[in-house]
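Should a chain be cited, it is by its letter among A, B, C, D, E and F, assigned in written order, with residues numbered from 1 in that chain.
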Amino acid sequence: MLNPNIETFLCCESSFEDALTVLYGAPFDSTTSYRPGARFGSSAIRRESYGLESYSPYQRRDLSDCAVFDSGDMELPMGSSQRALEQIGERCRAILDSGKVPFLLGGEHLVTLGAVREIVKKFPAVHILHFDAHADLREEYLGVSLSHACVLRRCWELVGDGRIHQFGIRSGDRSEWEFSEAGHVSTQPFTLEGLARTLEQLGDTPVYCTVDLDVLDPSIFPGTGTPEPEGVSFCELRQAVALVCSAANVVGCDVCELSPHYDPSGISTAAACKLVREMLLALHP
Amino acid sequence: MLNPNIETFLCCESSFEDALTVLYGAPFDSTTSYRPGARFGSSAIRRESYGLESYSPYQRRDLSDCAVFDSGDMELPMGSSQRALEQIGERCRAILDSGKVPFLLGGEHLVTLGAVREIVKKFPAVHILHFDAHADLREEYLGVSLSHACVLRRCWELVGDGRIHQFGIRSGDRSEWEFSEAGHVSTQPFTLEGLARTLEQLGDTPVYCTVDLDVLDPSIFPGTGTPEPEGVSFCELRQAVALVCSAANVVGCDVCELSPHYDPSGISTAAACKLVREMLLALHP
Amino acid sequence: MLNPNIETFLCCESSFEDALTVLYGAPFDSTTSYRPGARFGSSAIRRESYGLESYSPYQRRDLSDCAVFDSGDMELPMGSSQRALEQIGERCRAILDSGKVPFLLGGEHLVTLGAVREIVKKFPAVHILHFDAHADLREEYLGVSLSHACVLRRCWELVGDGRIHQFGIRSGDRSEWEFSEAGHVSTQPFTLEGLARTLEQLGDTPVYCTVDLDVLDPSIFPGTGTPEPEGVSFCELRQAVALVCSAANVVGCDVCELSPHYDPSGISTAAACKLVREMLLALHP
Amino acid sequence: MLNPNIETFLCCESSFEDALTVLYGAPFDSTTSYRPGARFGSSAIRRESYGLESYSPYQRRDLSDCAVFDSGDMELPMGSSQRALEQIGERCRAILDSGKVPFLLGGEHLVTLGAVREIVKKFPAVHILHFDAHADLREEYLGVSLSHACVLRRCWELVGDGRIHQFGIRSGDRSEWEFSEAGHVSTQPFTLEGLARTLEQLGDTPVYCTVDLDVLDPSIFPGTGTPEPEGVSFCELRQAVALVCSAANVVGCDVCELSPHYDPSGISTAAACKLVREMLLALHP
Amino acid sequence: MLNPNIETFLCCESSFEDALTVLYGAPFDSTTSYRPGARFGSSAIRRESYGLESYSPYQRRDLSDCAVFDSGDMELPMGSSQRALEQIGERCRAILDSGKVPFLLGGEHLVTLGAVREIVKKFPAVHILHFDAHADLREEYLGVSLSHACVLRRCWELVGDGRIHQFGIRSGDRSEWEFSEAGHVSTQPFTLEGLARTLEQLGDTPVYCTVDLDVLDPSIFPGTGTPEPEGVSFCELRQAVALVCSAANVVGCDVCELSPHYDPSGISTAAACKLVREMLLALHP
Amino acid sequence: MLNPNIETFLCCESSFEDALTVLYGAPFDSTTSYRPGARFGSSAIRRESYGLESYSPYQRRDLSDCAVFDSGDMELPMGSSQRALEQIGERCRAILDSGKVPFLLGGEHLVTLGAVREIVKKFPAVHILHFDAHADLREEYLGVSLSHACVLRRCWELVGDGRIHQFGIRSGDRSEWEFSEAGHVSTQPFTLEGLARTLEQLGDTPVYCTVDLDVLDPSIFPGTGTPEPEGVSFCELRQAVALVCSAANVVGCDVCELSPHYDPSGISTAAACKLVREMLLALHP
């Protein structure tokens, strides 16, 4: 008999029951203030992943040997961040309740908040590793508190001081830098050594890892809402996320802010796909 | 001395005091459900208007002879439709209070609601002429009531039965067609004859005219969020809006849903600019 | 429990068993001689169908009331037309064997041959209705006989004289026009009257309907490999295919040659989606 | 032995000696005031002509039966209109001196002046048939008299009153319309009837035919510097230029203002190629 | 009362009187020989600057604390380099006469000549620091001496031997390299050390700094007329221009050759905006 | 008399007889499995080479001093790899028979096989230097053995163990890595030192050098079918190929997999042109 049309990220064809990690997509970008389109990120990653090999020469392993279930994209209501975050939370909770690792594909960065709210309930001691070009620590943006520009500030309200570790930040208004310098969060330049030290300190602490892909240099990742020159190389970020996913106790993660309409050559989507592959491989022992 | 950089729609260099009509831009598209980018519409119209002559061979008049003030774009908060509509309302009210005609450049179609709320306060008897491919009459969309897909339904709540006249509609879900067929609004095929009849019936009644540019055929207007084949020709729409603006008692109007990122050749913006020129000329006796 | 990620054409969520019509996609364009990319057509149609309403105001019916199963895209080997056609044939046969109507989404036009080979086996009396800008009647093209430019010639070898009815042809080399004028196939200008006459003559005869979307005018359908000015309007083609699908005994059909990479504004994909919706609605009594 | 790489417009492989018509390209757009890129027009027409058949079903003739020589593009100095026009004139004169018909591929519309200067020397009684959206009759533009916006005014200075016949004009500043209404040139709406009348009056008079492709509607011809809605259909223009080239005593002609960078789907170039084919066929008895 | 629509580079809202630096835009590219479009550079920089923060984490200062006036773009006549350079000179002189620093946004590189002519009049001892991929030292280009390819040669005629310091040059014809090797100008590989040495030698000498953005690597700056691989990294150039603007006696500067139409992802404009921000910050003590 | 339109790669205007090296283009991409368009590579390289100087500051030599003949593109049949390879082989053989070096411009990477078959006949001891992101060592791909993904495997069948030297490979399925590790081919990371060592070992052995341009990092070379992050820098590859062409006994070479449709900014084509220039210069003593 013929089968219905199932589309997954490259090789992620495990059953839900067998899966260790579960992908879920949040096509939402209502609060993007500059260039919209991150809503198309998760489906582009899924679709274009077939340009990639399932085998990683870096980790010398094949994604077809890992048990990943792809639960697809949610249908989120543009124009209501509140409802969208609730729906993301519900899907995240369902995955957590089954003892699996939720892996969120954005969407704009605000979607992280939907996941972190649930993560914090289950893992109150969680720390957040945050890779980004922008601090995202504003109290509000044009009078709106549920905004991509405030998402780590909202997370900080949930986890408190000293629990957010930022890498790669190279943009923010003065208040955000002051917030960090006041010790509420740790904002480091991007180095693999600094990351390794942080991971060592964290030991077995539960970790949520959020990757705003604009941490990458715009030359290799043009397809994002707010490209910021002088970013991290692909090689550095690939090593960093693989390190996090293999060495830390990752209880959830996300990859956000691919905006494929600003990526006419497709290299940003290719980079995102490769990062997701490397993260999935590293999450599976 | 050198002057600051003032940018206006083609020739609209009147002072506010002298102006009969006032342009204001609403760069907002948070509720767009399919393809975002209407936020860039108003600035594209202003910027690209310089590819157009100020003289109209159709009306044999020159825009430089009309008194139009361009108040520029508002800074609207993505992610909060409520606040955005309030700000649009404030600007509209300021224009109305000075006895001038507010001419809104969207943005997505929801921005119309911000203007109509103020129009209805000042002109309780107002009728709405609505050019669009989509009925926009949904009660809600994915649980959200402040949505582009519901904007005429929200307007209907303000003006009541028999006061909305739709032209060019060729898409809607079943419930929207039933809502129209139940007599709440008038939905006609697009014909200049039908429009003329409606205008005759309206006489001196105050009229708000809202143009969702996707009423045009996608061949001449590809640059919009939800292109719908089998639309109106440019010539027909140009004649229609010129007729409305010259023959009806227009107390406010808007032009919405240009999304320039889906218009790589620029023809949609060119069409929008020409329509705005023709409307402005027709509004000035 | 969470579900796997099933992606179908708009609303086509019937089970295979219940379905009357079955969609299948052939992402193949190896023989395209001018501009490739039709391989991306079927997935673009599926993905972008969500910008469309399921309700048709033309037929006053809703696609959610029709039983369509979407079996997704095949994985076809670029570089081997022979194998690709075999795989298309297998899928088509499986659908025919269940007594359902196979509806193929191309892909370049050569894919039609894979389906027609099976159709002819089951319905030896079948006639072919062919909408296209190009005659596709060459004996060979640069020495290759399995080519998009020869596909109707290959079909003619299967069905014989007087069984192929072409509409909209406006390009071909001299030999193709002579082949038609010699009476092997019927090549008419595109008119709804001519089509109606042909349908009347066919009565209950089994019909395969193949639509090369470049029959449309390039203004409304730029996204194709070989755009040919002076084509059919969308309204005309929409009425034509709806007429065929409702009035003829259609035993199989296809829609080919959308090449979304040449469609930066997305209007071609939107047009293709709307045509597929109208055809599906008309196929279901 | 191997041959060097000769690239010509579709099938135009005659020797210079045998040719009746000679193509020459003027990749120049220095005075374009709005959107540049017409410099790429001639090479795009040559390159993309291979997407077209050499056989015309309209004229039932094949371009391979006509003797056309393609002399390629000149290397023109951007920044010096004077020198560029001189070089165009030289090439044109060389063609005229051999008794052949020079067929110029622009480039922006100013290039026409280079050809007309030579045409007038050889054919002092020449009339000019001008298809365009814009009147191009300004005395000067921003202080520059050698400008695309002034080209027909410069030609008028050469040929005098009553010798320029414009079709399709729908844009110009007030002074241009007044210039025409004062009787210096004839500006008609585009109709095949009006054109036929004009041709009848001209009889055997030498005619130069200049086609600014933006006379076409932007839906079918988006790829131009200044798209102007409400243009001529492809079918109308195709019939018009074929009529001119077959019925009038055409001693030179040009096709200008294709700007392929604003034509991401390629339909404008396809339209230009087809028009050139039809003109060439009609020029050859 | 409502205000007219004033658009400035990010935060540059000083009055002319209070300003230390004055921006002025030269949308001109008539002599561009390869790919035009630099005319759109200055307006793109202004418009897209709002995607950037006004705060610089590198300099730990905020642009809102600097007094910059944005005098907007001039209306320059395409097709007449002579006139365009005169107009640029006039604007530059007006700024210099008020004792402020003129900061020119191009346009193609020829516009620099308009500014340098005035600079040399006021500061006869001026040296020129030149960042570029191309030497721009030709005597003429296709017979034209006012050409982007000759602009530094024209400047050399004004300032004489030993006063032009080039960094980053990696393309030129043989004669240009010989001109440099003959000692007329200094052409160094790009290094921050070499730049520092040059600045030390210059001490308080007046300096004009001209940045052709194609000195950057095409990976981070694709949006330019003549991309040349193997360029400078953004970080290097950012440090270099900040060093120049803070350590040298800069009496005028420019940033040229952004061509946004070749920058579909927007990263080039983002890079240009960030460089301008850093230069403005460094210019203000 | 006027000349026909001859188009060559920058300055390659030698006669065939005098030439040392002969360019030939293979516009073929029928087996490309992911994103097609390499068929447009060779003509884009030829056309866009005029944005480049003929003088190389790296080698301090001018291409106009080298004797290169450009024999243009072949007309290859899409859909038949067999025939296409034969035609490539014929052209290669004609060049070899004249004692010249054949320099192939692809096209997809499969075209290399057409050349290598002839090279091996004339130079049975030939070694292959292979720069690529992908190993291309599959036994077959979706049942097809003549595929870009298998091309080095097919070459290995011709030359045998230890004769293929791969640099820059960073993607492949598990079987390809195993094939290499089994010693059939040598797969090294990309370093100039490793390359120099290999060249030293090869001494005067005849060498065929094949460059799949996707060996470059996607940031500088986005325009290719399967971009793979973490590639080689332009500077590294430029040095590598110049080293090979000057130090090894190169009897043939190719540059493949530029797909200009994925290169909207043109930087990939610019990079390809510059590499070809450097290779040609290095090939000429």
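The rule we apply is simple: a residue touches a chain if its C-beta (ideal position, glycine included) is under 8 Å from a C-beta of that chain, and two chains touch if they have at least 3 such contacts.
The model shown is predicted, which means the values in this text are computed figures rather than measured ones.
Chemist: Please give the intersection of the contact partners of subunit D with those of subunit E.
Modeler: Common neighbours, subunit D/subunit E: B, F.
Chemist: If you take the mean of the Cα atoms for each chain, which one ends up farthest from subunit A?
Modeler: So the farthest one, by centre of C-alpha atoms, is D.
Chemist: Sort the other chains by how far their Cα centres are from that of subunit C and give me the top one.
Modeler: Centre of mass proxy via C-alpha means gives E as farthest from subunit C.
Chemist: Same or different for subunit B and subunit D, where same means more than half of the interface numbers show up on both copies?
Modeler: different
Chemist: Can you check how far apart subunit D and subunit F are, centre to centre, with Cα atoms defining each centre and the answer in Å?
Modeler: Each chain's C-alpha centroid was found; their separation is 41 Å.
Chemist: Whole-Å distance, subunit C centre to subunit E centre, using C-alpha means?
Modeler: 55
Chemist: Specify, in ascending order, the residues of subunit B that touch 2 or more different other chains.
Modeler: As it turns out, subunit B has residues touching two or more other chains at 217, 219-220, 264-265.
Chemist: Edges wherever two chains touch, nodes for the chains themselves; is that graph a line, a ring, a star, complete, or other here?
Modeler: other
Chemist: Which two-chain combinations qualify as touching?
Modeler: Chain-chain contacts present: A-B, A-C, A-E, A-F, B-C, B-D, B-E, C-D, C-F, D-E, D-F, E-F.
Chemist: Which part of subunit F faces subunit D closely enough to touch in the complex?
Modeler: 1-8, 16, 22, 24, 43, 46-47, 69-73, 91, 94-95
Chemist: For subunit D, which residues count as touching subunit B in their complex?
Modeler: Contacts found on subunit D: 34-35, 169-174, 177, 217-220, 222-223, 226-230, 262-265.
Chemist: Which residues of subunit E touch subunit A in the complex?
Modeler: Residues 50-55, 57, 62, 217, 219-220, 234-235, 238, 264-267, 270-271, 274.
Chemist: Which subunit E residues qualify as touching subunit D in the complex?
Modeler: 29-33, 36-37, 39, 75-81, 83, 110, 141-144, 146-147, 261
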